[in-house]
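The two complexes that follow have chain A in common; it is paired with chain B in the first and with chain C in the second.
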Partner chain A sequence: MAVSRVTLQTPAGVCGLFRRQLLQPSLSHPTILSTRSIYGEYKRPGQPPDKRWPWEKIRFDFSKGVEGIQKHFGLLKDEFVGRLRGPEGRPLLDHMLEQTLVQWEFRGPESLDQWVVSSDKEIGGQSEAYLKLGKNNTTCMLYGTLCSVPPRDGETRYSGYCTLRSKQTLLSFDRKRHFDWSTFNTLYIRFRGDGRPWMINISAEMYFSHNKNDIYSYFLYTRGGPYWQEVKIPFSKFFLSSRGRIQDDQHCLWLDKVCWTNSSAKSHSRKEYHFENIANLRM
Partner chain B sequence: MPAILYFMFYASLGLGTSLTFLSSHWLTAWMGLELTTLAILPLMAQHHHPRASEATTKYLLVQASATGMLLFATILNGWVEMSWSINEMKNPYALTLAMSALALKLGLAPFHLWLPEVMQGLDLLTGLILSTWQKLAPFALLMQISQAMPPTLLTILGLSSATLAAWGGLNQTQLRKIMAYSSTAHLGWSVIILQFSPGLALMALGIYIMMTMAAFLTMKDMSSTKISTFSTSWSKSPEKMVAMILILLSLGGLPPMTGFTIKWLVLEELTKQDMYTPATLIVMAALISLYFYARLSYFTIISLFPGTTSIKTYWRQKNIKDKLILPIATTATLFLLPLMPLTLALTYFYN
Partner chain C sequence: MKITRFLMRTQHAGWITLFVKTPIKPSCFHAALLRPPIPRICIGQEARWIHCGSTVYKDKPDNSDLSKLFENETKAKSLVTHDDLFERTAKDAKNKASFNRVVDVFNKQDIRRRGHVEFIYAALQKMPEFGVERDLAVYNKLLDVFPKEVFVPRNFIQRMFNHYPRQQECAVQVLEQMENYGIVPNVETKVLLVQIFGEKGHPVRKYQRLMYWLPKFKHINPFPVPFELTQDPIDLARFSLTRIANDLDAKITVYQYPSTDVTETGEEVTQPHIVGIQGPEQISLLAKHNPNRPVFVEGPFPLWLRKTCVQYYLLRADLVPPEERVQDEPDPELVGPNQCLFYPWQIDLDLSRDMGDDFSYDVEDVEEGPVYAMCMAGQGDQATLARWICGLQETNPILGRIPTVFRLESGSRELQTAADVQHDSGQNSQSGSEQEHIIEEEQLHSQRMKQ
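And now, the complex of A and B:
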């Protein structure tokens, strides 16, 4: 609300301002008590806020409920059985002896389901991003068009990005599954780009809400040639940023609870791009 | 952190625990518990890492809830029984609530799930303090009210702690989480015998503290927090790793190490009390724990894992950081089984 400078210069004015805020709460819409205001969900710029109560978002379906119960209890049973085998369902000897772990690879249409492709089209931009399998179904191709024209919503000033992000895997009852990469020290990626620099981001599990946008990033420079490129990035090189801002207080990435990884690119003009990759993890 | 602050926090830790030990009134005991909780929080958060802050916050929430529950139980007892004395807690509802609160503070099952997550976010020295010193004050209170508590509840607490901790620690690769589950399991052994022989329970706690101290100090010297790092630490100090195998087997309760004392005497007491089923169940749970301790020992030094160097030992400078506490704790962990008759006599003295 608009406040004059004179009001803020006197203690009485400031107290009066707070008293007005307390005595006249905004009751026009229940944003104070909504989940969005508590957890700060993403609101697409230019769109009106979602003011529904949480129970208004529920769609009850009995058959889906039965399917859900079967699915979740099945996953729970697999977890119990996997626990007898070893950590993360693999024998401990494998965990101790392995030098390389192939975390993601593209071997068929079902491997594309592990990834989410997005671009600034979600916020009203004009970039496009698509994902398809490459030749022989052994690689994936991320391609599309980047356009840096910002959407006309009055809020967004910059635009023109695309991203390929791994989906958050879930355990039984929708618990997050974290990757334990603590025995590894390097991220290895085999790819073929178009000469554009990309950014590799890794997100670890955070507890506090003010850390939920914390991402560890590093750059990936592609050569653009017809030859495949292999890059090894030590995890110690990743720097901490939050909502795109590099943090002064840098911490190392804790590898025992990694949630997802993604690669993203940005352009300053309208250009086509393509990025073909196979992803590996190596120590 | 400046040394004066370290002194202040450690002194507060000692003061809080001593205050609880010396209390006969519930309010002063509660004050002592709160003092220890608040004193350790800056030590946990000193590294300013998000995981350390997370561990500190979780620890504060859990301990504050537990102490609040304890205070509620004592106020309930004071209102009903008209007594604030710790030894005169008779109201069954207050007793059950107090026992749940103390179980939450100690990390006994089924209130143990916070402990591995908190330990994982701490450095090894603070983890050691959390596993050892922070158990003393709540255990002292538990001992004082144990005689009035329903025996079945204590047995269930002990059995579930030993079993769930064994199951939980089975496939951990992080050493701090393994030690957290070890803490819960050993406290389970202490609690199950508390109703019959408080002295024996105290002895079990004391031996556990010695073994944990030896384990943590060795891990700190090796700067190891994962099994994989541990498996390649043999070249830093082969002697310490050989001792570490024996410390781990002592934690598992194998003779002829000191850790066998706990298993032996507790099982003997349980069988004397005709509690054959709980004795069988708890020893089966101990077998699962022994499995992962033995596996850890195997990976520590018996197997040679792929490393980056072909040299058998590192070129080591003289280690000027060696303290006397590690040899004392290691000796106590490995060689005190022959003194078992003496420790048993001391427990009878307490009873």
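And now, the complex of A and C:
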């Protein structure tokens, strides 16, 4: 019986996967027999693993290098100047006294660049997902079709999802920029859906590589209909899961290094959906 | 020879005890064979030997049983999957009774339950076809297929090394299917799992996780949808309209019941149902609507209730630009120097505001035009919706003076031309409309002045 990737994430199961890799050494390709092979680069199910030697992955390009230097040093200068003004470039009084922070708002086509839309298609499924600006350029609309026929790669058992994820913002020199939401305690979303339940996920940057796939999630139930729905989810309600499995050892979300947020939906059959997200996410 | 066969057949440390216990009288074997088929109570080593491999059994010469074995081996030359059992039973009816019958047949045909793992996997796949995927009793019956007490680890080495991993994985899959359908297991499931796998195996851990998380998640939907939705279109429309109306005071009116009439010429004329909803706030908003601006009938919009998709239509108006907005004059008794200070109508202080708030962003910027009414109809053509507007006119007489524009997305259906539209109130002058078929939004501009 082909045991899929999903089921092997139980604590004992992870050891099972590790044992399996040890039993199949291949001398022609580099194999790293350590935890890095399990928690290393994400291998899309159904794709052959990337077996190039590390030096084969480097690429040289001069003009891009010059542009890069200008861009990154510019960002670095902005950061230094911003630090003098206050935390995260904003005045200290603002940071201390604010009750709400508008994190994302949809006010024009450039705001769509902050979001990444993905669906089943990347693992070989048949769902589609598209993002566009709604009427008046003030909302964003995620729409498409969901199809839960699993891709025939022998590994995946369940399928049919779409997600809208915020892009990882970068500081100078391609360092990850984290959101510091430690002064806030609630997530506020204004949206309009079509009656289907969605899931809000938040990921925070952790120290150990074991926690790379840790995601904090909570449900978002849409009512459907023409009226906007506002939801306030306290951050303490989010539960911890890793690679899709709820963990036994739960702890609360640490807000000082938040990487990204996303909302995702899954269906049981072929369905069309739309999800309009207004305006903002406030805290 | 005997020893090598022992070592090859047995996979766990239980062989030590088995080897020690081998020199036993043959009479015990016969007694064990005559025992009832499913020994639930563990009677020491004898019950174990019945379930545990046929090595010891073969070594004891017993002609009748050996011949049976050979017969079975010759019969089972072709590869028969367990799906066939289900297919054969499914010819008459696919329901819970036939599913249970298949499981019983499997249980009875072999006391050792050979191939139970594959059978259970096949049964899990077939459950939706038989319609029993939400039935806890069926899952318990499926878990009952596992032989009892064979897979319970008996010492710390067995517990460490994932005793009988295939069977544990299979039971975990059964529980995972229960989790997918949101079924909370009961104490019978726990008793079965403990009997089969012991208290510290993966299935029991999975059961404990289910019992922790499923009750938490079962009732957190603030807009729950029942599993069995009504098939009656009017009841379904009622349920979905109350759901999307967001107003407990809103009233549902059935403007037309579905009926099939046979006209004189013998043609069948079906009338679709029309169910509408409107709240008192919407009535008052519509009464204040400026008759010079049109109202739009938009639709159809989808609404998903679990696996059914229903479609609703809206009556809404565009946003009034700020220069034309009429401010309501407040009652001078409620606001002003004569107001009651103990129960003021308006307070200028906005108590939720704080110094550090971001005022540059305003949710009010994203306002949309008001929605005056919603409806669900059997057919989405203009005639049916016009019938709805007529019905609405009884409670909102201003609709007679407001031009109505139909913005219907036809999709695969064809839009009816304006000439086909019949008005019940027998109105005059319908200006001919040219239908412009735009891919994104189809606007049927039929300016009909109603009186």
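The rule is short, and it goes like this: the second predicted complex is superposed on the first by the 246 of 283 C-alpha atoms of A that agree within 3 Å, B and C clash if a C-alpha of one lies under 4 Å from a C-alpha of the other, contacts with A are read in each partner's own complex, and residues count from 1 in each chain.
We adopt the following convention: a contact is a pair of C-beta atoms (placed from the backbone, for glycine too) under 8 Å apart; a residue touches a chain by one contact, two chains touch by 3 or more.
Fair warning: this is a prediction, and the values are worked out from it, not measured in the lab.
S.K.: If chain A is used to align the two complexes, do chain B and chain C fit next to each other or clash?
M.R.: After superposition on chain A, which the two structures share, chain B sits beside chain C with no clash.
S.K.: With both structures placed on chain A, which of the two partners, chain B or chain C, ends up touching more residues of chain A?
M.R.: C
S.K.: Classify the contacts of A:Gly65 with the two partner chains as first (chain B alone), second (chain C alone), both, or neither.
M.R.: After superposition on chain A, A:Gly65 lies in contact with neither partner.
S.K.: Check the residue A:Thr183 against both partner chains and state whether it touches chain B (first), chain C (second), both, or neither.
M.R.: The answer is first: A:Thr183 touches chain B but not chain C.
S.K.: I'd like to know which partner A:Leu97 touches here: chain B for first, chain C for second, both or neither.
M.R.: Both partners, chain B and chain C.
S.K.: Quick one: classify A:Pro49 as touching chain B (first), chain C (second), both or neither.
M.R.: So A:Pro49 meets neither chain B nor chain C here.
S.K.: Answer with first, second, both or neither: which of chain B and chain C does A:Pro234 touch in the superposed model?
M.R.: neither
S.K.: Is A:Asp249 contacted by the first partner chain B, the second partner chain C, both or neither?
M.R.: A:Asp249: touches chain B, not chain C.
S.K.: Between chain B and chain C, whom does A:Gly195 touch in the aligned arrangement: first, second, both, or neither?
M.R.: second
S.K.: State whether A:Pro87 touches chain B only (first), chain C only (second), both chains, or neither.
M.R.: A:Pro87: touches chain B, not chain C.
S.K.: According to the stated criteria, A:Pro109 is in contact with first (chain B), second (chain C), both, or neither; which is it?
M.R.: So A:Pro109 meets neither chain B nor chain C here.
S.K.: In the superposition described above, what is the shortest C-alpha distance between chain B and chain C in Å? Please give a whole number.
M.R.: Taking the overlay as described at the top, chain B lies 6 Å from chain C at its nearest C-alpha.
S.K.: Identify the overlap between the chain B-contacting and the chain C-contacting residues of chain A.
M.R.: Looking at chain A, the two contact sets intersect at 96-97, 99.
S.K.: Which residues of chain B touch chain A in the complex?
M.R.: So the residues of chain B in touch with chain A come to 48-51, 53-54, 57-58, 120, 167, 170-174, 226-228, 231, 295, 299, 305-306.
S.K.: Mind listing the chain A positions that touch chain C in their complex?
M.R.: These residues of chain A touch chain C: 1, 3, 7, 10, 12, 16, 93-94, 96-102, 105, 135-136, 138-139, 158, 190, 194-197, 219, 221-227, 246, 248, 268-269, 271-274, 278-280.
S.K.: Given the complex with chain B, which residues does chain A contribute to the contact?
M.R.: Where chain A meets chain B, its residues are 83, 86-88, 92, 95-97, 99, 180, 182-183, 206-208, 211, 214, 249, 251, 254, 256.
S.K.: Spell out the part of chain C that touches chain A in their complex, as residue ranges.
M.R.: Residues 117, 121, 162, 165-166, 169, 172-173, 176, 180, 202, 205-206, 209, 213, 217, 220-223, 225, 240, 243-246, 301-305, 307, 309, 312, 314, 316, 354-358, 361, 363, 365-366, 368, 371, 374.
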